[in-house]
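Some structures to go through are shown next.
Shared between the two complexes below is chain A, which has chain B as its partner in the first and chain C in the second.
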Partner chain A sequence: MKQRDRKALVFYIGMVAPGLAIYLSIVAYPVFYSVWLSFTDFNPNAGGVGNFMGFFHYKAMLENPEFWHSLKNNMIVVAVSVFGQIPIGFILAYILYRKMVRAEKFFQSMVFLPQFLSTIVIGILWKRLFVADGPVSTIMQLATGDPSAQFDLMLRPETVMIPIGIALIWMYTGFYMVIFLANLQKMNVNMIEAAKIDGATEPQIFGRIILPLLTGTIIVSSVLAIAGSLKGFDLIFAMTTQGLQRDNASVLPIYMYETAFRDYSNPMRFAYGAAISNAIVAISIVMIGISNWIGKHMSQDEVY
Partner chain B sequence: MSDIVNNSKSSLVWGRIGKIVSYVVFVSWTLITIVPLIWMSYSSLKSNEELTRDIYAFPYELFDNMDDEYTVIRPDLNTIRDYDPKVDKRERICIESNTIAPGRRLMVFFLVKEDMPPEIQNLKIGDTVTVRDLPGSIRRYINRKTMRFNYESAFIRGGLTGKFANSIIYASVSTFLIILLGSMTAFAISKMQFARLSRVLMIVYGLGYLISIPSLIIPLFLMMTKVGLIDTHLGLILVYVAFGMPLAVLLSSQFMQGLPSSLVESAYIDGASVFRTFWSIILPMTTPVIITISILSALGIWNEFLLVLVLASSEFTKSLPVGVYSFSSLTGTQLGWQLAALVIATLPAMIVYFTFNQRLTNGVVAGAVKE
Partner chain C sequence: MKKAVMLLMISALVAGSLFANGQQEAAADETIVLKVMGYGDNSNQEGISWKRIVETFEAENPNIDIQDELLYDEAYHQKVTARLASGDVPHVAYMGADARWGAPWKEAGQQYDMTKDIDTAQYDINLIPKMGPKGERYYIPMGTSNMTTVLYMNKNLVESMGFSQPRTYEDLVAMVPAAKAAGIEVVSIDGADGWAWGSCLMSALVARTTGDLNFVSKAVAGTKSFTDEGFVAALALIERMVKDGVISEKSVLVDYGTNTSNFNNEKALFMVQGQWAAGSIENPNVKDDMVLMAWPKMPGEKAAANNTVAAAWQVGYGVTKAGASDAAVLDAAVKFINFFNSEAEVEQRLRDGAIVAPILKGYVTPSDLPNAVTQKVLLAQNAVECEVIDAFLTGDPNDALNTGMQKIASGLATPAEVAAEVEALARK
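Take a look at the complex of A and B:
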């Protein structure tokens, strides 16, 4: 019996080991490596030995205005996801769920489509759309009758996040719509029917029955939105031109990339970049914690 | 009584307004999605000159090319020839289009002098000729070349042929390994004893959901440099496999848990080995979820950008998104080529999306809810 167990364990390990080896060495090990790196003076040109530096890079990061600028932009992206994509996705899902439009499968697949297209292609397309002599400017000229009207929001540092936010909403709302729709369809239809018979109006059904039942989904979506927004790199990278425009629209992953792989003047660029990416992870964990806490309190309120 | 009637009347009005608003929202959203894609597709069949003249008009020039004028030119050294001048010594007349990229030596043909009728043979440098006047086979050849001008240029001049192949290699090999290793792990977790070990594994893979390629890109770059896997296909595939494991393990073990354990037990009694049981009994039954995971991973890898941007430095290892990106910044003036490149990168993903729409939707929901 004992021997059979041991043999089974060998087989178990045989099945699990190849995948686990790759996973641990490429996903788990770098996590620790990244933390170590951020506390050292690691210099790739000096043989790669790292002396302990304490919080040097983190301090430098907090004193760098570029970090705060990227953080601010990143918070805008988070806000667009949590307060833009999620509510809009929810409303779209609700419309589909209550069958207020026909051809719902067609509309659903159209809104969901951008998810699966290359972010780079989409970024390049939106960039084309928004250039000063592009289609959006043409539409503005037709609408206002002013032949010199131009779409210049991408060019001004204080407004560059507006067109980016629009592109983000268009791209990712479909994801939340699909999640909400799946959870709406799992709900008990009888409850809504009963409420209708009792004379509940559409807004009442929505506010008193459907919304409370979906608190869990809203929290899960928020977590995904926060985590996704803080690691988002491709779309903003492709929508902006290298140089001033990208700096204006910089978010933390772009700041990290530009520091580690572009700023050759800084000998400790990898260590500094690692500090930034660790900060991104820390910020997302804190924000996810907060959203979970808020969600828990909201659902408690509903029970009583 | 009248109250109820009033109520239903106003709710009827509200319902109608709601319906109109719903349609407006969905139709305009669909248009925003579809119009740029349609514009991109048909514009990729327009010449650059046509695009500058009117950016919205339908393609015309590249198809109606019988009256295109060509000028006889002296071939330069840097003109790309469609024959090997070392082997083929026959005398040729070199003509260049006056309508497509004139003067830029992009649309150039070499006519074999001895195959031409006398009036063409007698053309001197600077003379012009229309496509209609050329012999039939050359006419058809130029006709086809003109229609495919943007796409051929994107593939050849943008080096997208190799990048297209790389994208397919990354997506297919990584997905195959993700499925194989992921389902082996899932089988062990869900259908073999050692519950405690399995729980630990699930937590380890679950944590992987929180980690993404961007947050580890620096250590990955340094590690891959150290072990010599930087700028290799293997290095990129290993990273894709590692980051694809969590979803594959979670989705397929969830599915395998639903399969009856008696299947496995009776296979053991019949003397089948562990791997055999997995390979010929459990794996075939897992096909639906395997297809879902395959599509999700393959599409994700097809579109992935940052890892290739950082790890692949030579043209030999780059994939389509990076190729398209650098192509679009290099060829700022050749909009037609750029658009062709964008279509090349999007079309395969769109075909997969519309073929497996429902499966993809279900897979995304299952992956998100599990988290």
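Take a look at the complex of A and C:
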């Protein structure tokens, strides 16, 4: 190796090593520890030595209806994110970009506002809307003339994700709107003007020019939405009270938390919780892989 | 030369002794860091008092630096688990010794027997329960037993509607039409919180319908079953209360703050909560005349369990094994706990409605105590104590029971189904 190359290598290692060390200790180590923990009966609270348990926790997890209930809710959150937040964000960005409303800066700020608020604050705010005789129930009482009417969708597992979905859309749509708006503003305006001169209508401009050009942005947003949805914990946790509501609205991270941090009747709860965490990671990888595959087939040149 | 060597030796001796003195002074000046995990938040009296106590103690003991963390409700329980699992064990912590408040400390092997550190001149040792299998005392309780199934009655409101203190469940049912006509609840409960059903209602009902004050611990141990007729009958009472209108269907959407607010604002004749909620009643029209009572005689109640109120050991502050491993830290920890339990602070706690009665030696109860405190003392003297469910039942079975009661109140499950689920999980 030439002296010049050696110097370059030393410089390269010097630049990469600190970041790599931080990554290994903060990101990689907990991941490997979690994988190891899930195959043992180790309880960090009680100490001692962990015994190898094989796939015991994974088998127990797959046999537990709570896991499937939480996974189903997680898939609903993913669907709300991908098919709710992203299209609405896109449409709002398009409306602002094409200046279809006045005071677009005001609307842009209002839609983006939830991004500046703490998730816990937003969760409590939505929770207060749905309490007994709260604002939503009061509106229902006025609309129906029934003074006993209550907003009780949070009490049923089949309906609990409706209010949560609305809150999720309210909270995150602004984020995607800003991403789309930034990409729309990068577009060549001449293309749109040329299409107009050729007699293209607004829907044709949207469907045949803007949408294809933003395919990459849509895929990147979908990957972000999927990853965010699967790890989502705070908003749903804050919106629900401990008990029936949280059980109904349980998603995998909440199920993991309830198992590892609260179930003192299970001495192997940390290992079981680690198995659930690893399942979340595995499902995320599969879903992001699917997004990448779709992205590659829709646009040959871009990697996500 | 000899003189020079002698001079050098004397200089070395003087310098050595000065250095040694300096070291001793440094040791005396050394600050002891006390890691403390407190309970409360800045919006409640417990939290406000905590900050004041810590600041005053540090001012009076400049060599003790308290690094405290104040958490409340679920946040406290989460952090205890996380800190213990990560090995970041506090020296002093708010703790209990039962399934709810003691389980993490017990599992982590951090319970330290404080018996020899208890100042018997300050505390009445007979009022501090033996908590461990060998009579260990792991913490200093803030007061005597903690009643959890208290029925708060707005006496003025009840009487203004032509009723008096109920003696039987039927008396409560008789109030339903008048309460409905006035647009208020008969009994308000924070039914959105799963724990409230177990700790504040079911714990008393189980004793009433089984006639066994210790049914829960027996069922947890396996000598009784959660599917026993008496336990199912207690669950069926919840169904009946909702059906009769004594407890509203919408109570499953009422949280803790709304519950106390409803009672404060005279939107309910009665409120179910623990004795600690007395401090949250601030409306003078309510608090000055309210009555704290046990549930009246319930349908199917066994004579052996008349007038029962569920009660658990009061929680308090204790030293952990990590704190006790260093003599200086242990001394500082005990000093702080004793300061926290000084007569002035305990009396304030009593007046704030946080405790039923102090455990201080020779403490003379003031004659000018607020009505809420007098009511608590009267209830504690007259009621029969039974077990609090989550002092014995923990984890999934307890969660299933709490959620199950919410389902019963919402018409989503039957008492038999809930009992069967709890029994299955308890035997798992």
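To be clear about the criterion, the second predicted complex is superposed on the first by the 269 of 304 C-alpha atoms of A that agree within 3 Å, B and C clash if a C-alpha of one lies under 4 Å from a C-alpha of the other, contacts with A are read in each partner's own complex, and residues count from 1 in each chain.
FYI, a residue touches a chain if its C-beta (ideal position, glycine included) is under 8 Å from a C-beta of that chain, and two chains touch if they have at least 3 such contacts.
A quick note: this is a predicted structure, and the numbers were derived from the prediction, not measured.
Novice: Once the two structures are overlaid on chain A, check if chain B and chain C clash or fit side by side.
Specialist: They clash: once the shared chain is superposed, the two partners overlap in space.
Novice: Classify the contacts of A:130 with the two partner chains as first (chain B alone), second (chain C alone), both, or neither.
Specialist: second
Novice: Just checking: does A:179 make contact with chain B only, chain C only, both, or neither of them? Give me first, second, both or neither.
Specialist: First partner only, chain B.
Novice: Using the touch definition from the top, say if A:44 reaches chain B (first), chain C (second), both or neither.
Specialist: In the superposition, A:44 contacts both chain B and chain C.
Novice: So which one touches more of the residues on chain A, chain B or chain C?
Specialist: B
Novice: For A:270, select first, second, both or neither according to whether it touches chain B, chain C, the two together, or no partner.
Specialist: A:270 sits against chain B and chain C alike.
Novice: Touch check for A:243: first (chain B), second (chain C), both, or neither?
Specialist: second
Novice: After superposition on the shared chain, which partner residues are touched by A:189: those of chain B (first), chain C (second), both, or neither?
Specialist: neither
Novice: Looking at the overlay, what does A:152 touch: chain B (first), chain C (second), both, or neither?
Specialist: second
Novice: Is A:197 contacted by the first partner chain B, the second partner chain C, both or neither?
Specialist: Neither: A:197 stays clear of chain B and chain C.
Novice: For A:33, is the partner it touches chain B (first), chain C (second), both, or none of the two (neither)?
Specialist: first
Novice: Have a look at 237-245, 255-263 or 309-317 and say which bit of chain B overlaps chain C after the superposition.
Specialist: 309-317
Novice: What part of chain A is shared between its chain B contacts and its chain C contacts?
Specialist: 44, 242, 261, 270
Novice: Per the contact definition, I'd like the list of chain A residues that touch chain B in the complex.
Specialist: Touching chain B: residues 5, 8-9, 11-12, 14-16, 18-20, 22-31, 33-34, 37, 44, 91-92, 95, 100-101, 106-121, 124-125, 129, 135, 170, 175, 178-179, 182-183, 199, 201-202, 220, 223-224, 227, 231, 233-234, 237-238, 242, 253, 256-257, 260-261, 270, 273-274, 277, 280-281, 284-285 of chain A.
Novice: Enumerate the contact residues on chain B facing chain A in the complex.
Specialist: Touch list, chain B to chain A: 4, 7, 11, 14-15, 18-19, 22-23, 25-26, 29-30, 32-34, 36, 40, 55-56, 181-182, 184-185, 187-189, 192-194, 197, 201, 204-205, 208, 210-212, 214-223, 238-239, 241-243, 245, 249, 274-275, 278, 299, 302-303, 305-306, 310, 320-322, 324-325, 328-329, 338, 342, 345-346, 349-350, 352-354, 357, 360-362, 364-365, 368-369, 371.
Novice: Per the contact definition, I'd like the list of chain A residues that touch chain C in the complex.
Specialist: 43-47, 127, 130-134, 137, 147-148, 150-152, 154-156, 241-245, 247, 258, 261-267, 270
Novice: Mind pulling up the chain C residues that touch chain A in the complex?
Specialist: Touch list, chain C to chain A: 74, 77-78, 81-82, 84-87, 99, 103-104, 107-109, 183, 192-195, 197, 248-255, 258, 394-399, 402-403, 406-407, 410, 412, 425, 428.
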